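Each of the two complexes below includes chain A, the first together with chain B, the second together with chain C.
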Partner chain A sequence: MKLEGTTTLPAPVETVWKTINDPEALRRCTPGLTELTATGPDAYAATLTIGIAAVKGTYKGTLTITDKRAPTHCKILLEGTGGAGFMKGEGVLDLEPEGTGTLVKWAGDMQVGGLIAGVGQRMLGGVGKMLVGQFFKCLEQQLGSGA
Partner chain B sequence: MKPAAFEYHAPDTVEEAVALLDAHGDQAKVLAGGQSLVPLMNMRLARPAVIVDINRIQTLNYLAEDGGTLALGALCRQRAAERSALVARHCPLLGDALALVGHAQIRNRGTVVGSLAHADPAAELCAVLATLGGTVTAVGPQGTRSIPADELFVSYLTTSLDPRELLTEARFPALPRGTGWAWKEIARRHGDFALAGVGVGLALRGGRIAEARIGLTGVGATPVRAARAERSLVGAVPSDALWEAAAEAVRAEVEPDGDIHASAEYRRHIAGVLTRRALAEALTRAREAA
Partner chain C sequence: MSTRYFGARVTRNEDPALLRGHGLFVDDVRVAGVASGAVLRSPHAHARIVGIDARRARTAPGVLAVYTHADLGTLGEPLPKLIPHPTLIHHKTQRALARDTVRYVGEPVAFVVAEDRYAAEDACDLIAVEYEPLPVVATLEAAVAAGAPRVHDDLDTNVCAHYTQRVGHVEDAFARAPHRVRARFVVDRGASCPIETRGVVAAWDPRARHLDVWDSTQAPIPIRNGLARLLGLPEQHVRVVAPDVGGGFGPKIMMFYPEEVLVPFAAMRLGRPVKWIEDRREHLVATNQEREQIHDAEIAVDADGRILGVRTVFLYDSGAYIPYGLIVPIVAATTLPGPYRIPNYHCEFRAVFTNKTTVSPYRGAGRPHGVFVMERLLDQVAADLGLDRAEVRRRNFIQPDEFPYDVGLTYQDNAPLRYDSGDYPACFARALELIGYRDWPARQARARADGRALGCGVACYVEGTGIGPYEGARITVEPSGRVFVATGVGTQGQGHMTSFAQIAADVLGVSPRDVTVHTGDTALFGWGTGTFASRAATVAGNAVALAAQAVRDKTRLVAASLLEALPEEVELADGRVFVRGVPARALPLGEVAQAANPLRFAMPEEWEGPGLEAVRYFAPPQGAFSNGVHACVVEVDVETAMLTISRYVVVHDCGRVINPLIVEGQIHGGVAQGLGGAFWEKLAYDDQAQPLSTTLMDYLLPTAADVPPVEVAHIETPSPLNPLGVKGAGEAGVIPVAAVIAQAVEDALRPLGIHITEAPLSPNRLRQLIVEARRSP
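What follows is the complex of A and B.
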């Protein structure tokens, strides 16, 4: 399942770069992220509780940031397994200055398997997009208030 | 398949049910017909800690006409509404859509209000409520409030209801005399969720369209009212070209998701096709009624 989009954040590229590399900001803004522990440089153990309404699953896995070209490009890898299935995803972020802010181009590829994929197939794409939207909305609020 | 352990309550009154929801908040789920909730629990995709079974609250089992509106209590089964003479007379759009909800066995248990509370993005009944501009009644610890359809549906399986509120009633405005209607949908198999569906209401005055309602399901996170397509019809003289223009407006207004069942492009395409067919059928009915 491929998802992509763009979003504009109200801060210069350097500030946005710092925020998306800040574990505290990631913890606060990744929807459903309950635990994030550094296990090495740019590598984290993560626990996510995600879903919609009563359909929620807890996934334990890893979050890794690679392919870094500061301050404009990085790749985020996410892997997790839980009772309802597994998920594996990668997202590429490219930052470009736009006026006084930053244009973020993002593209992701997500694989979801197991029970949740069989039953939730109809809604996975839309929910994925919604969660990415929540992530950027949170970053936007954080950057907006810090400026 | 068996659900994870949960605490079970079967209150006898709305007040007791709301007190339970107030005490347990988002740990609790309301059980009415259970046709969506129970499978999710059995597959352990949903693990509510507390179930509040409202099936003993007999005051919620009604279907009545109330000043130009059909009022359905939270225990009114889909099958009861589908076979009701009141629904056929005042709200045939609801009756037609109900016939396509799951299978008869599902409708025997499933409730109309439960389907609205579940807010599946491909559900027929949510789109019917949106098309007709209906409301629901919610009772919570703070009292009773009425929520219009366009404020109820927020996203996939998500409504603006507070977890401590109980949806007690759905109110579907009756179609005024002389209004034509149609429900059209396409599903891969009978009883499956629709790839896309559309409900239409059409009223004529002096050979021109006086009022048009178009509501869609399966083409977004919530039911969609095609406001621009509706506006393009009002005041116009019905014709095939007009239907085609409305179909194009609908295609421009919806943003469906693609999945293994159908691509986004296909869903957008059939949303238009179904709109055109539904408008033509609604026109025939409006003329018959006039």
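What follows is the complex of A and C.
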């Protein structure tokens, strides 16, 4: 399932970049993320709890940030498995200055398998958009409070 | 023989118990101390298993055992191969638990046994399986594309069989034909969805060294024989019971599903009875499915619409494994000719592995595909030549004086495809009469004038039924006068307790209510192959008749000495035995049974043993061929693309009808399932072969509101192949439904000129076709 969109954040590109590379901010803003432990540079062990349709599941896996071109481009890879199946996602972020803020262009691709695919797939698009929305909303608050 | 009950609308012996909730389904089996099993299934369509860590699950509360492939020993080998075929060069079967690779979503990876199902399911969540995903083969066409990933990495192809049959000279026929029609037809996947899903209970008695298994299967005897072999037990120490199976429809005749091995294995290992009941979500991924085929088909006709030749080249999706062999595509290829004279015919298929659930016969088992292709081709011929579609069919029917009619092919039972009897034009004429075909154009025109899109469809089929190799029956009269019939063919709702009782009742002069039929218990009858291919009434029914006749002869022999008469003067009627013409001096049948089992003194040698009891077998030389015609009237809502089926008519010829009530019930149920496959039910998969319809919220079964009343009429042309003259009826209802609905919908939307070449349709898909047709000039 592919998703894409844009969001404007109220901070300069450099600040946004710093925030999305801050494990603490990621932990706080990634919906359902309950654990994030650094295992190497830009690599983390992660535990996510997400409900899709009637299927609420906990997924253990990894979060990796790659293809970094500071301060404008990176790719986030997320992989997790759990009792409700598996999920695999990647998101590409591009940051551009827009006035005093930052325009974030994002594109993601998510694949799920097992129970969440069988039962939750048709809700996936809506849930995915909602989660991305929550992520940026939280970042916006972080940037607002930190400024 | 007397035919008092044969042919009568006898209400069913089994219904009082079933309707009062006294049926015994596998989940109703109560065994003291039973533990519960749950299966951990693959979430990947194709992946390598890197490692399995079951430590946390093994120590979880209530867990008795967690089994993975490593625990199975020799039971971990690939499961038995059923029905080999010379062209099936890669006969792959799955293992009870995956060893190093999973090949479809739902493939069993671990089996957990716990005190209850809750604990077992929770423990499944605690098993950590590390998978390395492999490239997925999600569609038939992708499977045969150059450079496709392979489902089985020890093969260099996904094609496991390439099969061809021919009659006549197809190329010549096409070369000289003045007219041809060519099209691609796609039939998609469906699930059988019986009300009772699969389930297994096993109990091992270590002192008697005896294994009891209750299994919701269509083939208890082959399961018993196979389990004995796999577990190293004598067959006489394994009892398999298929109790009141709540619907089978084909997929329950697999041997073996992994759970059928895992549950007995665990029960023996743990020394505790174990139960596993499939839930609906499991059913939609782990029980065999059917119907996915893509046909490239072509027909050649002369200027009058007479068939010169037909050819179809198709792909058959076997799913990840092919345990059941090539039955489905062979049946599709050999059902296609139907009731028509086709002098030149070429059928050719490739059976193909994909990363989806395994395919094996599901009610119809290839017949709906063959009929869909043939009937759609004829509809197009009629449209192209400007002929009436009924007239095109009439011009091509095999005539009543041409039987036995040799189609020139080999059928699924490896015997010649030779139609034994039938009257195709009469069946067709009756269906047209019932649906009011003669007045149809006027009715349709009136409806169109009112802005309503009404369509009429009519489609024909010939159904191979009643194939061998054999079935048997043992009949015993008890001193009470009750008659007991034991046979190997289990029942999944077909009414065996009644049809077989009627047959025995007529011969022995008793009421069907006094006949108790036992099926599906290997302890009561241990020879037989199972309930499939619409064969129970034909094969087991005739065995019952033969056994009853033998018991009648024995009754005459024993009664002759009691009544001081000759055996041939003795008659049986109304539960009594008497000398012809002297009914007043009659003995109750039970008394003769008592006399046939003396406690003292010499027993006459000619009795050949005690009791009124006999065992007989029936082995037909080949299948018997039923036929029929379905006709319907539909209304299409052009805006929503919803269908209303206002009439549905079935005219059916299954030879002599044992019980019209039961045959009509079979047809009603079949039509309901057929409508599902025509318009509602579709197992959708995404591009990674993830199943998307794993609940009945997404897999749409037609409900009572969607199924119209079905009007049934019978034509009887007895089969010359068996003493009762019967043929099978189990699949008749389902076979031509997609074809007749497609034709009716096209007819309703003729002003738009849409072409339906796929089944199932759906409101969405039909609306898409309507929108496309409106857009195109």
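Heads up, the rule we're going with is that the second predicted complex is superposed on the first by the 143 of 147 C-alpha atoms of A that agree within 3 Å, B and C clash if a C-alpha of one lies under 4 Å from a C-alpha of the other, contacts with A are read in each partner's own complex, and residues count from 1 in each chain.
Simple rule for what comes next: contacts are C-beta pairs under 8 Å (C-beta built on N, C-alpha and C of every residue); 3 or more make two chains touch, one makes a residue touch a chain.
Please read all numbers here as calculations on a predicted model, not as lab measurements.
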| item | value |
| --- | --- |
| Chain B versus chain C as contact partner of A:G83, first or second or both or neither | both |
| Partner chain in contact with A:G61 - chain B first, chain C second, else both or neither | neither |
| Superposition-derived comparison: chain B or chain C, residues of chain A touched | B |
| Partner chain in contact with A:G101 - chain B first, chain C second, else both or neither | neither |
| Contacts of A:L115 with chain B and chain C, given as first, second, both or neither | both |
| Partner chain in contact with A:V127 - chain B first, chain C second, else both or neither | first |
| Touched partner set for A:P10, first chain B, second chain C, both or neither | neither |
| Chain B and chain C footprints on chain A, overlapping residues | 83, 115, 119, 121-122 |
| Interface residues, chain C side, partner chain A - complex | 41-45, 105, 124-125, 129, 131, 281, 284-285, 686, 688, 690-695, 698 |
| Footprint of chain C on chain A - complex, ascending | 81-83, 85-86, 111-115, 117-119, 121-122 |
| Complex contact set, residues of chain B against chain A | 29, 37, 40, 43-48, 119, 121-122, 155-158, 193, 220-221, 257-261 |
| Chain B-facing residues of chain A, complex | 51-57, 83-84, 115-116, 119-127, 129-130 |
